[in-house]
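Some notes on the structure that comes next.
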Amino acid sequence: MKLLTIIIRPEKLSSVTAALHEIGINGMTISDVRGQGTQKGVRTIYRGVEYQTDFIMKNKIETAVSDDRYEQAIEAVMDAARTGEVGDGKIFVTDVVDAVRIRTGERGDSVL
Amino acid sequence: MRFRRKKWLVFITSFFLFCFAAFPLSAFAEGENAAVDTGDTTWLLVSSALVMFMFMPGLALFYGGLVGQRNILSTVMYSLSSFVVVTLVWMLWGYSFAFGPGVGGIFGGFDFLGFQHVGPEAKDGLTIPHLIFAIYQGLFAAITTAIISGGVVERIRFSVWIVFSILWVTIVYAPMAFWTWGGGWLSKLGGLDFAGGTVVHILSGVSALTAALVVGKRRSFPHKTLPPHNLVFFLIGAMFLWFGWFGFNAGSALASGGLASVAFATTQIAGSAGGLVWIFIEWALRKKPTLVGGATGGIAGLVAITPAAGYVSVLSSVAIGGLASVVCYWALNVLKAKLQYDDTLDVFGVHGIGGIWGAIATGIFASKEVNPAGANGLLYGNPGQVATQAIDVLVAVLLAAIGTFVILKVISLFAPLRVTEEQEMSGLDISLHGENAYNTFEGMNSEMAPAPQSPFAATGAMAVHAGMKGV
Amino acid sequence: MRFRRKKWLVFITSFFLFCFAAFPLSAFAEGENAAVDTGDTTWLLVSSALVMFMFMPGLALFYGGLVGQRNILSTVMYSLSSFVVVTLVWMLWGYSFAFGPGVGGIFGGFDFLGFQHVGPEAKDGLTIPHLIFAIYQGLFAAITTAIISGGVVERIRFSVWIVFSILWVTIVYAPMAFWTWGGGWLSKLGGLDFAGGTVVHILSGVSALTAALVVGKRRSFPHKTLPPHNLVFFLIGAMFLWFGWFGFNAGSALASGGLASVAFATTQIAGSAGGLVWIFIEWALRKKPTLVGGATGGIAGLVAITPAAGYVSVLSSVAIGGLASVVCYWALNVLKAKLQYDDTLDVFGVHGIGGIWGAIATGIFASKEVNPAGANGLLYGNPGQVATQAIDVLVAVLLAAIGTFVILKVISLFAPLRVTEEQEMSGLDISLHGENAYNTFEGMNSEMAPAPQSPFAATGAMAVHAGMKGV
Amino acid sequence: MRFRRKKWLVFITSFFLFCFAAFPLSAFAEGENAAVDTGDTTWLLVSSALVMFMFMPGLALFYGGLVGQRNILSTVMYSLSSFVVVTLVWMLWGYSFAFGPGVGGIFGGFDFLGFQHVGPEAKDGLTIPHLIFAIYQGLFAAITTAIISGGVVERIRFSVWIVFSILWVTIVYAPMAFWTWGGGWLSKLGGLDFAGGTVVHILSGVSALTAALVVGKRRSFPHKTLPPHNLVFFLIGAMFLWFGWFGFNAGSALASGGLASVAFATTQIAGSAGGLVWIFIEWALRKKPTLVGGATGGIAGLVAITPAAGYVSVLSSVAIGGLASVVCYWALNVLKAKLQYDDTLDVFGVHGIGGIWGAIATGIFASKEVNPAGANGLLYGNPGQVATQAIDVLVAVLLAAIGTFVILKVISLFAPLRVTEEQEMSGLDISLHGENAYNTFEGMNSEMAPAPQSPFAATGAMAVHAGMKGV
Amino acid sequence: MKLLTIIIRPEKLSSVTAALHEIGINGMTISDVRGQGTQKGVRTIYRGVEYQTDFIMKNKIETAVSDDRYEQAIEAVMDAARTGEVGDGKIFVTDVVDAVRIRTGERGDSVL
Amino acid sequence: MKLLTIIIRPEKLSSVTAALHEIGINGMTISDVRGQGTQKGVRTIYRGVEYQTDFIMKNKIETAVSDDRYEQAIEAVMDAARTGEVGDGKIFVTDVVDAVRIRTGERGDSVL
């Protein structure tokens, strides 16, 4: 099983979740995060003072998928989240050694 | 379902028919306005608006900022519902019971039901229209009722609260108002209550404690209650209260001029003394003066000066306001910790204790030099006034405790008083009102899902509800 | 750039020169104040302040709480810009067009341009200074304009909105005000509008619907619109509206005294009835009464009582307010769902429908016993009043719809009416105003970066802007 | 510890004893009220309430919204403490120093200490009770003091601030008020200051700059200061200020009627002109008009009209308000960037510069046609008035700068003026007041831990504090 | 060493942390997150418009535990967080290759 | 490639990001989190009631770095975030098996 950590633009969140739903991936956990990278932050000006923030709003999706599906998931996310502009985000893949469904105590791929 | 809806329609329709047909309009026949003074009337119009404002949104924010964020809307709804319900009850029968011509000094009677005979002409002995007097008093009744909710927020059922509001204002507030201000027996004993120390603060404070005991503690009390979720809202509410208090106290002069100015000044100064003393107490005892403390102290000072506002000198108001913080601080920090009652927002500690101190203090500091229509107090050679005030206090305490107890026990025969454990756990906003106060998850700001054909299934989807049909 | 800036300077300078030089000051020549009554004047001063308050911050919060958090500042900016722009337009020409001596019952004329001849002396037939009357009416004009923005928030361009405000108040509001209140032809027909049922609420409600249709739906409508981001702000705004409404309705008596008291009472009671009925409707049909519902019902009741406030009895106000919630609930839940127009904040459903109901209801419930200067309505033996009211409604609906349509179509010849897709998606706060309302990311509270030599590159860096030079 | 607590008790008790015993109550002896006008009195009661409101919560939110979220409560506490402290100081000695019968045009004297001889009877030459005049002026003193805090928030110590408040109002504000309004030497020179251009705005603006320089920059200035944490609170505050400004300016007529109406109108119009011009400047120079800009411009306009409100025509107020935005914009964007002083919330840029412009503008635009009790200005053939105004400005600037400098230097002999680095870093809310403004972490809404036997150790545990014993 | 990523209902947070404390696990990092899965979101209605959100409030606990303790930790969490209703959440286990205590520079299991 | 999960004091965030920038690590994702550990929470008192919260504000930085750079990154973070007081935080290192740049579809180390 793999854990995909997906960083995307907030405005793409619903497209991405919909794309994942489409290929049958329904379980995921989402958070509001701030990103830094090549993309530059917005400048805002208050009373003549310019605040440049390099913390850019992003959303993070964490979703565990089975080994045979994760490439497909990556494709789906890329299609849904890409704009072609700097700042589209990243997907990181890590290995999950074990997974538990708290409600039932199930383990492994049946958890997903 | 269909049936129930019809019943509702019939009910609503007949209610409205009743409204404009049942009562004679002769009330408005004589609009002479001979004795109405424009300056006084303006002051009462303004004071009424101020009391409305201190209630909604004032009290609602004062309370709402102190509860957990899953109960903020519910807390506000207790206030909002009392606001609209008591306004209507007051117009229909409350005013008549409290300020009617009266039956044997005990009960106001039925003459003013539905604001009959309450019109634009000057009220007897005053220079303001009867109608604005009635509305002004109605707002007092409404806010007093809502203050009680602070003792039982985060757990009482919304429907129970509405029924409680109606009964309480009818059988607790209206009698006390009649006895004290409407010409009833208490006023004949010579008790002084300028703007509601007993009628407003002791009644609400003691009722809140009683209700808190009858309804029972929150499941999370005392070890897991939520910290106040937004102190800025709390502060805004506290200052709205302060602002409105000018209408409450100085408006109780029922005219503009010198007496209103005295009440205005004592109010501002007692509040300030209360705030400052609380800050110093916290500083001395805890090293850190807090905003919650400063604002609570200010409110304690304002509560205490309420019965005295038009009877005492400016310097006395410093003592009344400052000592209010001392006794209320003790109530919140020592008494409550010892007795372990769950008076959620400290209504008893602030309004009850503060009100009792204020009523007694009126007996100590009152001076005929300030207000010839008042009386001299202990310091001006009349110790008896303290005893008279103590009787007032006693009556208010007993009436509030017994009345509230009986009302809630009766209601509990028909329905549970409190929400279920699960509702309490998920928060009352969602479980009672189906709403979240704050929708600030950034991820919601995402563009339309590519699959509009299944709007209900799509992530974050929203659908226009099918209206009445869907239910 | 350098050139453009110069042009601005020239423009601003010449404007100000014009301001204090162009008009004669003889307006202030005769400051006799013979007939000015201090009590009445105080009431109008207060009412003006209250109307200002219900607008800013009242309306701004009422609207701002209901939009998504990326559009809150933008929503507020529509209100703020109308506030300042319409105030100035009103002073320069709006007041003259609306309340000038008039030309043939159609148009107010040019006598009061720039508040010429509008001074501290009493206005004809009134006991208040002409100037405060003019300012009071100006605040009505300003809030009415801003109400319209609720139909088109989250998409209309800011510059378009400002131009729209100027044109709308000039060619829609001012004529209707003149016809109804300034002595124009409608008032001669005998239509009653105490405080703005047609002039304020129908005009704004219908204009908002028209504007929503002309500007078009939000891209996210109806399946992905954002839930209200802060219901506490919404509640605060609603209660500020309520508070200010006393100045709006009772102030429209243009004097203190009995009539103002009647209007005050009917306002409070109609609002309460509206709130309570909406709560009960939701309870019956949906099981959960909501805060948004209760507050919306209150506002619906207040809208409906506006034209009637000084003409009907207290008991009639219960019916008017209560039924307002019924019709507005229907409009929001059935009508809107069926017609699928994107009137974002339900201006049409509340102000338009509520205003129409109120105007008609005035024709039903009005009574000369309450106000001899008014008329009797259907229930008091004069069915014709309903027809007269219907004419008023029709005129208002047509004027608003046609006027708004024409204004927006003309503007659209010069510039697009709405923001780009990208701006809509990123939120108007950042894309139009370059600001975020909330900066609450805790990580920003971090200490200074160790590399001050490159302040712009450092994380979270902030730099003092080079002022005018940098642009 | 035990000892310290006793000392406190003794102190508090003796203070209160003093309060009601030390002063004769003869002040209230003659309550004739012969000349009191109810309409005028009502206006002053209302104006006093409005000034209170613009201060708390107005100013507190205006400032609080602009600071980082870890300093919001601290920012509010500076305001709240000045509010309560200055109210008491004013009553005890401030009013006497500022409005006493006076000693040689320099000092008000001791006649009104503790509001002796300040009672419900009309103040000499006015139609309002002396007491409400005194309270009204006291609220001016209090808000002026609190405005200064904007220059030093996020770093000054709370105890230092309280001591500063007491000294500043005594030796800077009271003298200037006496000289200008109390019959002192400045007023004899013929300087005009309707509602506090010099006394309120220049004093506070210059004092804030001085204090910012003496206390020193925030460690994060200029490269890492926090962006404003909540612009909605800022907006609410700004609009509360605007609302209250009507009481401030129009109330300064000290009576209802024509003059109050003029001041009301010029206030509304100057504020609007200020807001609009700032929006246009930003639009022209930066492409994006901001909410912070629009609101700041409005306040700049209001500041500038303050000294002129009752002396100039409505059209002049457009020029005064509009140009205020030009000069203040320059101050905030060019001057501040160049000089690099850390006047945190731009008190100098808005109140100082705006106040100076307003005072001078009064000398330019004043007209006896508007107010015969005033004077003609430059444009009405009297260039000397500009010079007279310049003297006023100079006196205010010097008094504020020297007074503030001396007070702070003296305090710094006894205690450090600013918080420690660590306190600044963790935020003053927690480090000075032990509170968090917002407790919105959802995880806190969790059910009771299963191990109630160790409440203090359990996650998120809350424990009833052992009251006074525990400290 | 293992990193447990635990998704639970917010109302169970304090039970779970208490359960972990009980078996001696005191270090952990918690965040507010939104979940999607089998559990359906709440519907809220504003002015006749129904908003159905499929983002359900959850809390995420990340805790690094030594290899010999993690089964015990899973047991403790399951006991404390289970209600038996859909939406109880998941536990994902990933391998930690290194861990550092910033204060001391310690590495490995002693960090915990 | 390694994923560093860095927990630090909020007041150290900008020092840490600056330190990472200095060694050429510009991409990272940051969130507001709450920590539990040896450090004790603040006590706040409202109206005589003491609330002790054991949820301490922390910031979490997630950054993926190449295998040869991660030791250097750990050094940099430790230098920038250390105060020596309890509560400085932790760094956890996990293996990343794959990484994707959404904008370009690139994989592997070039993503960083």
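Letters A, B, C, D, E and F mark the chains in the order given here, with residues in each chain numbered from 1 onward.
The rule we apply is simple: a residue touches a chain if its C-beta (ideal position, glycine included) is under 8 Å from a C-beta of that chain, and two chains touch if they have at least 3 such contacts.
Given the structure is predicted, the values throughout are model-derived calculations rather than measurements.
Under the touch definition stated at the top, chain D and chain E share these contacting partners: A, B, C, F.
Interface chain A/chain E: under half of the residue numbers present appear on both copies, so the contact uses mostly different residues.
Between D-E and the choices C-F, D-F or A-C, the pair with more than half the same contact pairs by residue number is C-F.
Here the spacing of chain B and chain F, counted between their Cα centres, is 49 Å. A straight line joining the Cα centres of chain B and chain D is 31 Å long. Inter-chain centre distance (chain A to chain F, centres taken as mean C-alpha positions): 18 Å. Each chain gets a centre from the mean of its Cα atoms; for chain B and chain E, those two points are 43 Å apart.
In chain F, the residues touching two or more other chains are 11, 14, 17, 30-32, 34, 36, 44-46, 48-49, 51, 53-55, 94-95. Residue positions of chain D with contacts to 2 or more other chains are 37-40, 42, 46, 222, 224-225, 227-228, 230, 236, 286, 288, 290, 292, 333-334, 336-337, 425, 434-436, 438, 441, 443-449, 458-465, 467.
Interchain contacts join each chain to each other chain, per the touch definition above.
Residue ranges on chain E touching chain A, taken from their complex, read 2, 5, 7-8, 31-38, 54-55, 58, 60, 74, 77-78, 81-95. Taken together, the chain E residues at the contact with chain B in this complex read 11, 14, 34, 36, 42-46, 48-55. In the complex of the two chains, the chain D residues touching chain A come out as 66, 222, 225, 227-228, 286, 288, 290, 292-293, 296, 329, 332-334, 336-337, 346, 349.
Across the complex, chain F meets chain B through its residues 44-49, 51, 53. Of all residues in chain C, only 224, 425-426, 430, 434-436, 441, 443-444, 456, 459-465, 467 touch chain A in the complex they form.
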